[in-house]
Structures are given as structure tokens and as C-alpha cells.
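Each chain carries a letter (A, B, C and D) given by its place in the written order, and its residues are counted from 1.
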Amino acid sequence: MNDKADLLTRLINPKEFQEPLDVSGYESSFLYETLYLMTQIRLAEEKLASEREFGTIGGPVHLSVGQEAMAVGISKNLNKKDRVFGAHRSHSHILSMNPDFHKLFAEVLGKETGFSRGMGGSMHLTDKKNGFYGSVPIVSGTVPLAVGAAFDARRSGTNNIGLAFIGDGAIEEGVVQESLNLAKILPSPTVFVVENNLFASHMNISLRQPMRSTCRFAEANKVENLLVDGNNVLEVYEKSKVLINNSRNDGTPCFIEGVTFRHYGHVDWRKDVDVGVDRSQEDIEEWMKRDPIQRLSIGMFEAAIISKQDYQNINDEISQDIISSWEKAIKDPYPTEDKLLTRVYCNED
Amino acid sequence: MNDKADLLTRLINPKEFQEPLDVSGYESSFLYETLYLMTQIRLAEEKLASEREFGTIGGPVHLSVGQEAMAVGISKNLNKKDRVFGAHRSHSHILSMNPDFHKLFAEVLGKETGFSRGMGGSMHLTDKKNGFYGSVPIVSGTVPLAVGAAFDARRSGTNNIGLAFIGDGAIEEGVVQESLNLAKILPSPTVFVVENNLFASHMNISLRQPMRSTCRFAEANKVENLLVDGNNVLEVYEKSKVLINNSRNDGTPCFIEGVTFRHYGHVDWRKDVDVGVDRSQEDIEEWMKRDPIQRLSIGMFEAAIISKQDYQNINDEISQDIISSWEKAIKDPYPTEDKLLTRVYCNED
Amino acid sequence: MKTKENYGSAILSAFEYLLDNYPEVFVIGQGLWSPWYVGNTMKDLDSKFGKDRIIDTPVSESAVTGLGVGASLCGSKPIVVHPRIDFMLYAIDSIVNQAAKWSHMTGAQSHPGITIRGIINRGGEQGAQHSQSLHSWFAHIPGLRVLMPYSVADARDMLIAAALSKDPVMYIDDRWLYDTKDELDPISEKSISEFKPKIIKYGEDLTIIGSSFSTKLALGASLELEKERISVEVIDIRTLNPFDSKLLIESVKKTKRFAVIDGGWKNSGFSAEVTSSIVESMEPNQLLSKPLRITLANSPAPTSKPLEDIYFPNISSVIRDIKANFFL
Amino acid sequence: MKTKENYGSAILSAFEYLLDNYPEVFVIGQGLWSPWYVGNTMKDLDSKFGKDRIIDTPVSESAVTGLGVGASLCGSKPIVVHPRIDFMLYAIDSIVNQAAKWSHMTGAQSHPGITIRGIINRGGEQGAQHSQSLHSWFAHIPGLRVLMPYSVADARDMLIAAALSKDPVMYIDDRWLYDTKDELDPISEKSISEFKPKIIKYGEDLTIIGSSFSTKLALGASLELEKERISVEVIDIRTLNPFDSKLLIESVKKTKRFAVIDGGWKNSGFSAEVTSSIVESMEPNQLLSKPLRITLANSPAPTSKPLEDIYFPNISSVIRDIKANFFL
């Protein structure tokens, strides 16, 4: 308990944990893929930010720039038969299971070729065959669904898990607390992943809860849990591996909380420092220094796994992909008008 | 933490804590009043049980026979300006604030002279001027209301508290968890009292939760809490006094859990041993030996504070009251038909 | 070979059929390990099919319902049981925001084939929070299917169809019907879209439309009116959402008068839907009389017996209201 | 002295008036310490009146709403703000099981004078869970008062009346109206029961009935129809529950034709209530034409722009539907 409290104190101080990651002991290919995926997510979201600012995107986008280590560190322990759920801020989650820029962009633009066939936009994403079951903007709405999906996995004799990405705000919804108990008592192999970015829209967690770590709710429900540096992709990966594998093998739930920070404001492209209560420009600048991609890339430079030039090439390659995916998506068709009514029911009538 | 676990182990074993209470150090008048009030509640509920069995009472009655120490031990720390809320099993709660048999009986019979003017019956009781704001059968329904009533008390500059009597089942509702956080963060001087009778209708708590004490939810929300022998009225009184007074003075919430047991089945007069999952005849018999009234009365006999004969006289006196109150209630009028519609709104139209 | 059933045992038969034939089916809800919680409708299912398929739960309606939605996305066919609709108010998000909208939001790539069984359990001086039938609410929500069986056969067959449907279905049964008896044909699976409104009694002078227990009132009243030579057609709605009013319109074009009985409140209730969907589909002069809605009184359910007696419509109040409206 | 206001600033004025004059008033809900959550309708209230009266909260709609109900029983006049009605689905128990029924259950000895402000915030490709206006649900529940201001004056005056009412009130405002402008008289308090349906434009050939943003559509369409010499009477409903249809019936007896526009879904929606309450109050031959309901399409709100454009009624779709129904 006290270890956790000490760790938390350090984690919420952005001046800590700014050093590059120690990559020793990892396969280069693993590191490379991890960096690649994180960079893909980052650049895709930067594209969304600028297109939203420009006005090409009509609906809101909730960006997870700065939080990529959570999605990527976790997803490296998942497979396509797992059942992952997200919320309003889930570009990173769906891309970490399948970095298909075109489908994401098409969806955000409301096109038939998007992840949700244009019916969902940024806040309602689905890619079932790659393990991403769905995200929706009602905060905590998918959490009990993940418990059910996990329960189904167990009932069907698989060792797949259900997983819910939630925020430090979502934990305040009663249904999340019910879900923890339910997952424990059934039991159901549900992985609760809290991306604790210390904010629920404009409100700092200290204004909403008596403590700044949410693991205590897992404790209360006797759910295995751990607190990690959410901007250290290797730590997220390693530590969550143990708990996720336990869940797979035992059919029981677990809870992984990573402390992280978003660079943008709650929604869209603005950094909105001034509208966040207890969110200062200074904090944001410090947090930029704990950037998860920078920490990994510099770690890899220092260990001479890739060169800066290599990394520049990766960035260029991804940027090219992004441009061509965007252009394709822009040209794609919208759902035809009949889809408004034909997708409501499963057409049994 | 470990002390609590040990205490819990003993508390859930009905063979423990059967001994008479040690009454030394208490004023005789206090003991006498306490015993009197507990006996009043007991005999009133026994009357309800038999009238319900007989068929005079048309609606369900949820009896708290065996649990009287909680209501009485707590209410001795309350005043009429406090704001108490209950649930489906709240005869003991309302009587502990105002032992008016006639109003209770009239209400249970649906009469205009009842606590709720015949509009509520056993499960919807109110007696605002004596501090009992209301009980309703939706499990946990009044819990956030108690937080609000407490918040109002604080806002108006009083040192009154809001109090919610809940069960070990109610704690499973998400809104209770939200309420704990809300009461803490505002803060609001809410007293959460859990009568942990180890059952939610037919289901033993061990089938519903990973642990048999609910204090852990208070811990998770950093709410002051304690676990008591819920069948020891003196302990309930003494220990809750400290926490309730803190709440009054600081405007903060607290949480008091007492382990207890109901002698009857979930609803009505049957003991229903066979329909409770994990509820055995043997357990019930052991629990009868931990009866809170017996433990107090024998303690008082042994300390020669009252004699058995005195106690018999008390019983007779109360029984007389009960009979006459019942007869009066039976003769009372029902609400007139217009009341169906005139009590929906506050008649502003 | 016909079998004798009542409404309650017919529901039990449906559960047994589903559990026997579909390993994907599981049932979850409060009281499922108790023999007295849901009448005889789930008796001994737990011992017969195991406590891992018949699952009793903590008092957590919201998460339990959401669990059903999530499991249904993965191939399970969960039936979530709420012993009272009143308790479901904690589960509204999972039903209305998640289940009802899931297919649409995901471009019809994934369907929550969950069945939510909500039981209407009222009367008996239980009062406002133990009485509600919010079928009108669920009828209002696109994406939900809402079935309310009146007949014994429907009680069985609709539950089976609901469980096998890929859409989220609210199956609402009424404890006041559990003793209704009938002889049933052996089970044969029907598609959920077959349960359209149905004429259960032919007549010429007036159409009375009901669903669930209200259909029983309609039928009871019509038999009385018949004695006075008033020929009544009775229609049982069966499916409230998606709602198909064709048959009602045809019937009213014939009888030229109609009344609706509904077990909910009047304002924006299903009785208003029935009324509106008829009047907006025919010229006014095709009606001989203004229509009539018979519903609960405009108040929460009272507990006091004399008030309860006037709160819920009954056969004689129905006859009284019909005679008054149609000057019969 | 008249002051210029728009719908949004009128709401802000109401808050200021209440907070200035009634120490019992406090406001609680998500986003109240953020300048962008609820438009300009609560701007700077927290700095003006203090963070102990303007309270931002954890993401816990259920407990926050219940808190309001409890505080209201004790003399506080809480206004609970939900920036979107969609989020309120977690708070339904406190609204429908507790607040709406409390007076009745307690024999009218205690009244939860809570105001729940639910904002309709839709469009902008936000989709199914960020679009709903479930006013029909709340209209269905006895014990609730449901107000939906269309005019700038009502936006202000209804909020004041709601806060001062001893009954639980749902005050529902629509962000699509925030820019509507008007000149207002100084504030004078009105009783909540004064906000009856109101004729906002006189006419002879057709009555169009709306509430909130739908009234704006009704008015817009009526002005277009006027150009074609079709004289339209427009009625703004204002109070959906308790619902008083007298004025509507009088109007329709005169015009003999009516249409209802409603921002909810059709099935068992408030448009059905309006339709039914009119047709059941007059002989069929008093109407020249069958009535018309104009509502949302029967689907969850889509996100894709072209689908959004056909999902929500607009002035030209209203005119098209009216012409088709009434052969105008």
C-alpha cells in the first residue's frame, strides 16, 4: 500500500519520469514495432486535430495524444479473439488493434467505408474481427459490456478476455463499481484498464475524488491490480502481461491503472490550458517532457537500436500513409439514405 | 485492517457473542429506555407478523426482528432535526425515532391516520417532524437523498446530519458507491449505516461479494468507518456516537457497519429457512441466542437493574399499547378517493 | 399432442426448451436461485441446468444488464431477468443507450441479441415503486423490440422467439396473467416478426384494443357487452415495437369505433400511439365516434386498498367508460 | 425597461435572479466550473456566487440527482444540471422512482421541489448517445412537471418558476434555440401552473402544434405557408406534464385540421399525446382531415452528415409533409 502511495506521488508529479526508457533486454523488432505503432497513432491523431481545426471534420474528436503508451503497451498482450471496449477517446485503442488509417479517417468523416460504416464517427468505433468490439461516448457505458464479453469468452471455453479502457472519470460512475464486483464474483476474466490522465474533461481528479489513484476500488473488490507509469510503454507492457495472463488462465478479473496525461484539451485540437480547472501551461510543458514516444525513441537512439534518421524515415513513411488514406477517405461515399432506417434492426421483418 | 478481519470472522459466526451485555457504567434510566424501545419495536413487529399471517394486512411486511440493536443504538445519537432515511425494512428505524404504534399500524393498513396518511403502507414511511424523512422499497433509492439532506443541513449552517440505513445488498448498487464519493468530496455529513444481516433476500453475502464486510467500500472512499457487533446495542451506541459526532462537527461522512441477523425470512412472517440459499435452521437457532434484546435484558437482570418481573411488566404494558393502537387503527378511515389524484402534485394548479 | 399449460408454466416451458436446445442461452437476474421470486416461471431451472447457466446475482441491475448486452455481442443468447420493471430503472443506460442503439452505431456489423425479461408485478398494496409497467417507454425507443404476451401460447412462443432474435428484445410478462390456462401445441420456433397484432374476437360495432393483461380486460368487457347485443372486435397488440397498425386500421374501418385499454399511464403512453396511428390513417368521417383511451389513473400506484381498487381499470370500469364514451 | 436577451442569456439571467434572491437555491451538475460546457447559460456563475453554490461534480449522474432530491426535501431549492439528457439515463431512478412519486408516497407531507435541467444537445455529427430529448418519457410520469421553453421569455421565466415550485420539475432547453433573440420585460415571478399552451400565431385553416425547437419549425413553416394563402395557427405547448389540451381543442375546432411537430420519436411519443387528446375530445366530423405527426425518423441519431440532414425535421420537410397530408 505504501509503495503504491509513494509511486503515485511521483507519478502525478510531471517532473518525474522524464528520462528515456531503458530498452536493454528487449528484441529490436519488438521495440521497433512498438515505436512504429505508437508513432502511427500519434501522427494519425495529429492529422485529425488539424483537419478538425480546419473544419473538414464535422464532429468532435477526443484525442489521446500523449497517452499512446497505454493502448500500445496493453494491446501487445492481446489477440484478435479478445474483446476490447473503449469510450469517447478511443482512436488509440482501435488503432492499437488494427492501425488502419483509412478506416478510421473514413469513419470520422462519416463514410460508408469507415470502421462503423459511417454510422458512428469518432466516438463510435468498432472492428470486431480485430478484437475491438466497440467504443461509445456515454462515460462507462461499455464497462459492463466488457464484463459480459469476458463472461461469454469463459463460458465458451476459450481463454480470451474482455477488456474495458476507462478513464479516471469513468470510475466515478456507479456501474463501474458494480462491474468490478460482478466480474469478481462470477467470475469473469475482465481486464479493467484505467488511463488515469488526472482529468475528466476540465476537472482535475483532486476535485472529484479523495485520492488520485483509482486502484483502491479494485482493492475494495479484491480484484488484482497494479499502478504503472502510463507513459512507459515497456512497463505497461511487462506489468500488464502478468495480470492479463492471470486473467486468461484463471478466468478472473484484473485492474491496471496507468498515470498519464493528454497533450490536447478534452476535445478537439485546442490545448485549452485555461479552461481546465487545475491545468496549467507549466504542467502541460512538463508533461510533454514525459512524452511516451519521445522516451522510447530516445531510449532506442541511445541504445543504438535505431538512428534518428531511421526514425525520421519512419515518420515520413507513416505520414505518407496518412496522406493517402485521408485522400481516399475524403473521396469515399457516405452511407446511402436508406441506411438510416435499415441498420436499426437486424432486418428480421 | 487485520483486527477488522478477525472481528469479522467472529461476528459472522453465530456461536460467538451470545453472552449477555456488560451494562456496568451505564445509567439505569438509559438502559431502561433502551430496553423499552427495543422491546416496543420487537413486539410491534411481532404483531405485524401475526396480523399479516392472519390476513388482516394486505401488503408485504419486511420485519427487522433480531436487528433492533442497530436502529436503537444509532437513534440514541440522533435528534429530531437530523434527516434519517430507510428502505423496505424500516419499521425499526421509524419507531426508533418515534415509537408511535398507532401511526405505524394505521399506515400498514393503508389508513388516513398513518405515518404516510395511508399512501405508503409498510414500505413507504415518513415522519419528517421526528427526523424520519422517508423509506422506500427500491433498494438504495434513498441513499443519495440522504447525502443531499445532509448537504442541506450543512448549507443551512446547522450541525445536523443525514443518515441512510442500508443493507449488505444495497451496497451492491452503484449509486451507493457514487454516494460515498460524493459525500466525501463535497463534503456532506452523511452517516451510512449498514445493517449487514448477511442476506439480500434469499442470497447469502458470500454468494454476492468477495468479502463479508462492507467497510472496505468506505475505505476505498476514505470515509471514516467502523465495524461493530450489530446485536450489541451498547456497542452500537458508543461506537457510532464517536463517528456521528465527528460528522456533525466536521461536516464529513462516516460509515458504520453492524453485523446482525433477521429472525424472520426476507418478507412476512415465515422463517423460510429452506428458501434462503445458505441459510440453515441451525444458523437461525444459533442467531436467536445472539438476540440483541435478550442480551441486554439478561445483562440488566444480572446487574440487578431490573427484575424479570419488571421486564414482564414492561412487555405487558407494551402489549396493551399495541392492542389498543391496533384496534384504533383498524377502525380508522381509509384515505378518501380524491386523495388518489390530489396528492400527486403540491396543488399549485 | 396438446399439453395443458398456464401462462406461468408456459414461460417455464420456453426456458426449458431454450436451455435444452441452445447452449448459447444463459439466464441471469435476481432471484433465480429462489423458488418464490418469479412465481413458478423458473422453478428448478437452476438445479436442472446448473448454476452456471441460471445465474443469481448481486443487487446490481445496471451491471447485470450491461453484462447481458456484452455477452450477446459475442454469440451468447442471454436472458436477463428483472423480477420487477421498477428495478430496471437502474439499468436504463444499458438498455436504451447501449443495446437499442448498438446495431445502428456500429453500422449493423454487430447486434446485441439480448432478451430482457421485465415482469409487471403490481397490486397487493405494494405501491408506487412495485407496480410499474413502462412498456410505453420502451415502445418509444427505436432499436428495441417490445413484446407483451397476453395468450398462454404467446407467453411461451414469444420468449423463445425473443431469445433467438438477434435484436435486443424486451419481453414483458404480467403476474396477473400467470393463472390463465390453455392447451398448447408442441413448440415450433417462430420468427420474432410473426407476432403481429391479432384479432382474438370478431365483432362489428366497436374495436377494443389491448395488450397483455389489458387484452384480458378487453375480452372480458366484450363478452359482457355482447350480452347487450353490442358486437365487439378485440385485438391483441402483442408487439408494441416495432409497431404495425395495419390490422387495427382495417378493423376500425369496419367497426368505425375504437377504444384502447392500456396498463400504463395516459400521457404519451402506448394508448396514445394506438389512437394516433389509427386516426392518422383514415379520413375522419370514417369514424362514427371519437375514440377512447382507458389507462391507469394519473398518479403513482397507491398502496391503500380502496385507492388501488380505483387506480387499476377492471372489467366493470371498462364497461362503464365504454358505454359513456360511445353512448351505448 | 426592456432588456435585449437571447435564449441562452435569458437562462443565465434566470440563474442570476434566483441566486441573488433565494439563498436556498444552489446549482449542481457536471461542467459548472467550465466556461464551455453549457454554452453561455451559466457563464461566471461560479465566480459570482461561489463554488459552494455552483457545484461541479464527479461523473456520477445518479448520486448527484439523488442528492438534489434529498436536499429539496429539506428546504433547499436545488437545480441539478445535466449538460445532455443522454447522460441522465443513469439518474432515472432518482427522477422517476423517487422524485416523481415522493409526494404521493408520503401522503403529500413532503415535496421534492427539485429542478432538473436537462439540455438537448444534438446534431454536429455527435450521434445516438449525444442527441436525445426524452421529454415524452417524462411527460408519461405522473408527479413530474415537464417544461420546454420555446420563447426567450419562457426560457427565463420558466426556469425561475421551476426552481420556486414545490414539485419536481424537468426543465428542458434546446441548444439549437440559444441564439434566438427577444426584448424582455423585467423579471416578475410567475407560478409554474401559468405556463399553459399558448397561441403564438393566429390562423384559420390549420393548427400546427409544437414545443421548444419544434415550435420554431412550426412558426417557420407557417410563415412560408402563409405566402401561399394558407392561414396557420401555431400553438406552443410549453408544459407537457401536467398536460392541458383545452386550448388545442378550441383551436382545432376552429381550424378543423391539425399537425403536431415533435423533437422526439413517434411511437408513444408526445406527438401521440397531442393527437389523441384532441381527437378524443371532439366528434370525428368536426375534423376536415386526418391529423399529422412530424417527428424524428424511427432510428437512433446518425452521425454521418447526409443522414443527420434527413433525420431531423426542418422547415422544408415540415412544409412538404404538411402539404402531402392536407392536400394543400
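Structural remarks
Simple rule for what comes next: a contact is a pair of C-beta atoms (placed from the backbone, for glycine too) under 8 Å apart; a residue touches a chain by one contact, two chains touch by 3 or more.
These numbers were taken from a predicted model, which means no experiment stands behind them.
The chain with its Cα centre farthest from the Cα centre of chain B is A. The interface with the greater number of C-beta contacts, when B-C is set against B-D, is B-D.
One finds 37 Å separating the Cα centroids of chain B and chain C.
Each chain gets a centre from the mean of its Cα atoms; for chain A and chain C, those two points are 41 Å apart. For this pair, chain A with chain B, the centres built from the Cα atoms lie 46 Å apart.
Multi-chain contact residues of chain D (touching two or more other chains): 57-58, 60, 62-63, 86, 89-90, 93, 97, 104-105, 127-129, 142-143, 242, 298-300, 302. Taken residue by residue, chain A touches two or more other chains at 118-120, 124, 136, 138, 141, 172-175, 178, 181, 185, 207-209, 335, 339, 343-344, whereas all remaining positions touch fewer.
Of all the residues in chain A, the ones that touch chain B in their complex are 172-178, 181, 184-185, 207-211, 216-217, 219-222.
Within the complex, the chain B residues that touch chain C are 58-60, 110-111, 118-121, 123-124, 136-141, 169-170, 172-175, 200-203, 207-209, 275, 277, 334-335, 337, 339-341, 343-344.
For chain C in complex with chain D, the touching residues are 62, 86, 89-90, 92-93, 96-97, 100-101, 104-105, 127-129, 134, 136-137, 139-143, 240-243, 264-273, 275-277, 279-293, 298-300, 302. Contact residues of chain C toward chain B in the complex are 30-31, 33-37, 56-63, 86-87, 89-90, 124-130, 297-300, 302-307, 310-311.
Interface residues of chain D, counted against chain B in their complex, comprise 26, 52, 55, 57-58, 60, 62-76, 78, 93-94, 97-98, 102-111, 113, 142-143, 145, 165-167, 191-193, 242.
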